[in-house]
Amino acid sequence: MYGDIRLLGGTSTPDLAREISDYLTSPLCGRDIIEFPNENLFVRLHASARGQDVYVIQTTSMPVNRNLMELLITLQTLKLDSAARVTAVIPYMCYSRSDKKDQPRVPITARLVADMIEVAGADRYITIDLHAGQIQGFFSIPGDVLTAFHLVSDYFLTKRAAMVDPVIVTADLGFAKKGRNFAAKLNTSMAFVEKRRTGSDAHAEAMMVIGDVAGKDVIIVDDEVDTGGSVTQAVDIVRQHGARDIYLSFVHPVLSGPAIERLRSLNVKEIVTTNTIPIPPDKQLPNMTVLSVAPLLGEVIRRAHEGRSVGELFNE
Amino acid sequence: MYGDIRLLGGTSTPDLAREISDYLTSPLCGRDIIEFPNENLFVRLHASARGQDVYVIQTTSMPVNRNLMELLITLQTLKLDSAARVTAVIPYMCYSRSDKKDQPRVPITARLVADMIEVAGADRYITIDLHAGQIQGFFSIPGDVLTAFHLVSDYFLTKRAAMVDPVIVTADLGFAKKGRNFAAKLNTSMAFVEKRRTGSDAHAEAMMVIGDVAGKDVIIVDDEVDTGGSVTQAVDIVRQHGARDIYLSFVHPVLSGPAIERLRSLNVKEIVTTNTIPIPPDKQLPNMTVLSVAPLLGEVIRRAHEGRSVGELFNE
Amino acid sequence: MYGDIRLLGGTSTPDLAREISDYLTSPLCGRDIIEFPNENLFVRLHASARGQDVYVIQTTSMPVNRNLMELLITLQTLKLDSAARVTAVIPYMCYSRSDKKDQPRVPITARLVADMIEVAGADRYITIDLHAGQIQGFFSIPGDVLTAFHLVSDYFLTKRAAMVDPVIVTADLGFAKKGRNFAAKLNTSMAFVEKRRTGSDAHAEAMMVIGDVAGKDVIIVDDEVDTGGSVTQAVDIVRQHGARDIYLSFVHPVLSGPAIERLRSLNVKEIVTTNTIPIPPDKQLPNMTVLSVAPLLGEVIRRAHEGRSVGELFNE
Amino acid sequence: MYGDIRLLGGTSTPDLAREISDYLTSPLCGRDIIEFPNENLFVRLHASARGQDVYVIQTTSMPVNRNLMELLITLQTLKLDSAARVTAVIPYMCYSRSDKKDQPRVPITARLVADMIEVAGADRYITIDLHAGQIQGFFSIPGDVLTAFHLVSDYFLTKRAAMVDPVIVTADLGFAKKGRNFAAKLNTSMAFVEKRRTGSDAHAEAMMVIGDVAGKDVIIVDDEVDTGGSVTQAVDIVRQHGARDIYLSFVHPVLSGPAIERLRSLNVKEIVTTNTIPIPPDKQLPNMTVLSVAPLLGEVIRRAHEGRSVGELFNE
Amino acid sequence: MYGDIRLLGGTSTPDLAREISDYLTSPLCGRDIIEFPNENLFVRLHASARGQDVYVIQTTSMPVNRNLMELLITLQTLKLDSAARVTAVIPYMCYSRSDKKDQPRVPITARLVADMIEVAGADRYITIDLHAGQIQGFFSIPGDVLTAFHLVSDYFLTKRAAMVDPVIVTADLGFAKKGRNFAAKLNTSMAFVEKRRTGSDAHAEAMMVIGDVAGKDVIIVDDEVDTGGSVTQAVDIVRQHGARDIYLSFVHPVLSGPAIERLRSLNVKEIVTTNTIPIPPDKQLPNMTVLSVAPLLGEVIRRAHEGRSVGELFNE
Amino acid sequence: MYGDIRLLGGTSTPDLAREISDYLTSPLCGRDIIEFPNENLFVRLHASARGQDVYVIQTTSMPVNRNLMELLITLQTLKLDSAARVTAVIPYMCYSRSDKKDQPRVPITARLVADMIEVAGADRYITIDLHAGQIQGFFSIPGDVLTAFHLVSDYFLTKRAAMVDPVIVTADLGFAKKGRNFAAKLNTSMAFVEKRRTGSDAHAEAMMVIGDVAGKDVIIVDDEVDTGGSVTQAVDIVRQHGARDIYLSFVHPVLSGPAIERLRSLNVKEIVTTNTIPIPPDKQLPNMTVLSVAPLLGEVIRRAHEGRSVGELFNE
């Protein structure tokens, strides 16, 4: 219906693109992506995309602005080349945390990014676990916002029996509602780590745990780990409150700045994440398990291409 | 800079419009809003709006679709009449809870409403406490999303001294983060009511309280009360857990269906809300305190008209 | 070419939707359309519409604003669900009489409705007998504006032989040109009822008949009957001028307010209309003939889906 | 509010532009409008329009497509020159008769013209007596659609006393409703000329008069005279029916092809029209009265510029 | 993929349309293109274009504004008739020389033309040798900008052997870069004709030749010849500098005003051009060779229709 | 007319912003521009921009994509903060060389950048010496494209008397036409350096000089120097052809990769450029003269703010 399927991988996540290509037994098409000495990016397709149903696989991890620009230029190239339909497959959507004006005179950059993806020529987009589900409403084009929840929770389900009275803990109250889904699926109790400013000093904060963690195995869940600050505080405070084994689970391994050193020194039992962002070898820790989202993305691309339901697959 | 200021009140909230008009000592302009026997609405301005800076005050409470359509027709009338700038002042934004696709094959109606307000001709909008702050990103036009938080929390602050070890409780985990702001301002602890499906029966749910409420005065906070189901369950469960006096606080008194009967039978100490939605006399309870958002809206309209900062007023 | 055909019926006109479904031997797809206690509408499709060619059948009769909003939400749901093409099938288009500014400071609501249908996600629309043909120019998307003229005039053709010197009469000068098409097809003469304000009293109006009706069978034709006021006056005045049997013919049975009581008391020979708007049992009169537009809509949907000419079918 | 006023006259109607300029005591600004040998048009402003409130006066009479293109290029030039607001003043709007699809597979060129005016950069438009009022709904930008009705009917009012039982006649049923306004204002009766195809021959038409004209002075009213065919037939048939003096009245003197010869040979008492389209000396007949729309346009431009009501002036 | 192919020829270039039709063995579809006495154009398709992949072949040569308007009306007609995809095939794009503001307060008419083509309903466009390649960036829709370079240079290649030390000369420094492609392909040297204002008199210009032409065969290349002024000056000056045989080569034979008389009196060896603009018999000179772009356009239409690469065919 | 003026400097060109601020005696407003560890940029204004006429000064030099993104986020922040008008002041526009598809399947990134600037919320833009003037046509918003030609040529005029028979040389045929303006203003002759591929080896190129340089002082002019490759070749070849003193002149000092080493080793007499891009101390050469565009930008901002002509200042 939409011409032949065609996969195009950007430079940000070559391994994931290859995995998806293997899943679909459809090759990644040839393209040059050149960065000139003046840092201007340039894209050239080896073969015409005219009349094809193209999926551009490009995550927007660091270098963020360069990777985003590369995505946009690729989308425009395809549109100008008269592709029949262009879908931006963005495993990790940058600037998702800038999703509302929680103070005056600041941007809503996630909306800007959505606008840019549209103006560059995308007809649709596919992404995973947006920081807020509402970001889907920032787009005028349709999209499939997938979740790695099943992937991650299924993994913990296999470990559930061996755990001692596990409890789901969220390090951020904004993630409380999603945390409940983990607790429901794994049939555990919940607790929340809360941060509160203390006294008149703007920088003095007290951590507290709401709910019971003493003597329990703790799974701290979040959507992403950036510098690792919150998760470090959360691990500290649940330890102080008598937690047993501690697991970390997050979908997007942003891992910027001091994150890896922090995660290493936390000495938690296991860190479970995914490959929505590639983790370079020097950031891979022995206790880190990286689940692949390639089958998820591959299957959704196949169904989107064939005009079949995506929802029936991933929702219970 | 934008021509003369002009206030136009729709039919949904005449008292609030009059209060704002009084605050600004600027009259509500004459207009006919007619509903024909075939239910088609019709708007006619008594005087020209050409070159003026117009503020249309219309909340989108019940009858929801009629009130929304009246707002849109009024906006288009003003645009076609060559108003210089048209601002939709919508104290309560309908369909705000339909703000994301949390299941497949459903709408994001809040985005549709934003699109409709824009296509009808609004240049800007002003609203209060959106269900999710991200909805601001659904609009392409600028807007001022105000909060009644200061109004409500200031009110409780005057009662704080007389309370016994008060605790802020949220009835919905999605409101947890905003609940924390109340706790911080009133310097109280927090607790959460959580609902969980039990066993295999889809309809069996267990309520639980995370955090401590025994022997404490409880303030249950939320953004709106619709049918009153969640808040009734929350009151029941915190009572079972030994709460002392219970207060309810919510910004938007939607109060649909059985809400008033439920609130009446709860026998809580006090119900604090605002007039973003008019409460008809037969729904006003003796223990209900209705704070007016008119000064808030009036001041923001004045500043928007004069091109002065809104943020410096309402953010600390 | 556009994926599989799929029919989706809204809540406003279930019988017509079923008739169309029968005509096309294509089932109506499952969907939930829920009105919550707070009057917010919600739509959920039972199966994915991805890649399909969907026709949403929803008339915008009373409750007008609710039915319109239901249509818009359904359109957006389908767009977000990645339907290949979405056609709004709207047998009766609300607000069509608000199609120009015939006085200053009023809306052109029909344009607003067109804009809303587009912004909600319709790719095309199909409707019947717009109040003014120019409304087609309000849409940026293509559409098929059909006419029930052939349906209705063919019906009268079967009765033509038994009539005594029939004359076509229009109750509104704005319908004069369309009335002529009836007169041409039935080979009759024409007359016009004209209303004129008399003297200085704004409410005093005189009716007059231009043309000859004495001793003739009269067919009064119009596009819709709303409250029935004009048609009642027209029947009275042609009776005063000596008309014989009187027939009423109109496409859209809006029938609001006192319409049915008026029509009942007119005692005309026959009232001929269609089912672009469903007529509830208590509004069905013994002398009323309701012709079905289902074959017309069904055939046009089929041809639109197959990419075949619609015009060659319905134009001579 | 919109910067200084600035008038710019195109090449199509220099006299009218000068009259408006005189009315407003505001000079026409200098500009070059060049047609190169390859027929490409070129516009150059003598002075900057930056921040000004510009009114481009250009009618779209013959040469139609050239005059339209000149208008569009001028609008774009002003937009690119950062004018604060650009209003297209188009006394006669071309292609207005192509305002609906009254047969399949034809354009709605009036909508196309509206789109072109918008895309070229107009913020507003002013025009006179559109062929159908609904064309206003083809624009997304606001506009003032004026009428020469008052100008023309006031003129006839001065002659009313001297007329013998005058009757308003419309040559086209589509103008019947507007004809009524003349009849009401002049307090006359009405009649209609109707054209009907006869027999099987597509070209054989019979004219008939509905209503009474015998022994009466007849004023035939229409919005424009193009080739003069309809008006010639109307004069013939009312003469055959015994009309006394015959007057013609129409707003837009398109006067294409054989029009002038036809009008000359009609030998009517008086032909009343306006200067929305300039009438070259060789087309001016001795019995022709041309009323100037310059004061109407001038006053509306003044009020639009000053942000004052236009409607209060021209509507009763 | 895009429905059946359908060719529609406008009135500007009937021979070329027929050649393309022959190349593709696909008939030109029936249509009426009528110019009414009032110069308003009207288009009516003989058969429905619903769901088809339509190519409108219309060059925008003189009469320029009329031909452009005919193109736009045809595009809108097709869009309103629900064509699946509409491609404007414009061998010569008018107003291409107005492509930048090289002085203040002038238009960029080529951008306006691009906007008009889009707003009229084109999904794609095909054109040949735009005056500046950047004009492709004026369109938001994709397009194929072809070049007659291969056609023309191949023709000269067949004559190359017989030439004496040929040199490519450009008459306009703006064409210098494209001239180099000719020199490279034909393996010749290059020279430039330069025009310089002399002294204080704005109209006194001196021509000079940069590079060597004495004793050489000269091929003067340009993209179009309009009035022929530049090319005449170029021939004169290279003759003065001792050139041997002189050839002229240009893609678009605009040939306005005195062009033909000038070309005739130049007495050059051969004038090579194409049929992007039809040359009427009275403008055809004995030493003129007109190469047909029909195979080029036909092949690109075929490939665009079939979703195959265009670039692989025409770029080395 | 547009509220108070307000200057906001981005991080890319703080010195130039300060110079402009000094020129206008208007302070740079306070803002935070933060780069988080995850490279996401964040902007926060210290004071409200509501109703103001804001000029964002940000060049898009290296780091290109980061600087561009900072510009876009700043524009959106201002739009959401209800600034009255936002002008992007971009001394050097990145990606300007990607302005056309000179081969198939490549982007037109300059158009994408224009679209992004618009979608982010700019109402206008100001820039200097675009690589091609046509890029102005990529924007739908108005803009002022300035030139440093007067600045640079005036500088050389002061040196003209001391030069020996100077000749203007362009290193790129695409710059030939602009080079002529230098030659005309300085009253010199011209020559061109041309590059041609030789033989079958794609990488073998021969340089040649068209025109005469022997014994003359040479001024090589271009719009920018990127890696310095072309300019190095040009210096070499004119030296080989006997040039006397050599000057380089270019507006935009991109100076990427090996540029500075190349320029240093060229040993030309003087290198004249501007500060549209800041040159870090380690890239400043002893023979380099940097002219400031601050007065040019400052004056244009003043005039744009006051609604006065810009063209009358900078065009003769």
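To keep things simple, chains are lettered A, B, C, D, E and F as they appear, and every chain counts its residues starting from 1.
Definition applied: a residue touches a chain if its C-beta (ideal position, glycine included) is under 8 Å from a C-beta of that chain, and two chains touch if they have at least 3 such contacts.
This one's a predicted model, so the numbers in the text were calculated from it and none came from an experiment.
Think of each touching pair as a link: the shortest run of links from subunit D to subunit F has 1 of them.
Chains touching both subunit C and subunit D: B, E. Averaged C-alpha coordinates put the centre of subunit B at 39 Å from the centre of subunit C. Mean C-alpha positions place subunit C and subunit E at a centre distance of 50 Å. Centre-to-centre, using mean CA coordinates, subunit B is 62 Å away from subunit E.
Multi-chain contact residues of subunit D (touching two or more other chains) are listed as 47-48, 80-81, 101, 103-105, 108, 111, 309-312. A list of each chain pair in contact follows: A-B, A-C, A-E, A-F, B-C, B-D, B-F, C-D, C-E, D-E, D-F, E-F. For subunit C in complex with subunit E, the residues that touch the partner chain are 1-2, 124, 142, 144, 303-304, 306-312.
On subunit A, the positions that touch subunit F within their shared complex are 36-49, 62-66, 68-69, 72-74, 76-77, 80-81, 94-95, 97-98, 101, 103-109, 111-112, 115-116, 119-120, 226-227, 254, 256-258.
Across the interface of their complex, subunit E is touched by residues 99-105, 108, 110-111, 132-138, 145, 173-174, 176-177, 179-180, 183-184, 190-192, 194, 196-197, 210-211, 309-312, 314-315 of subunit F. Across the complex, subunit B meets subunit D through its residues 3, 47-48, 50-52, 79-82, 84.
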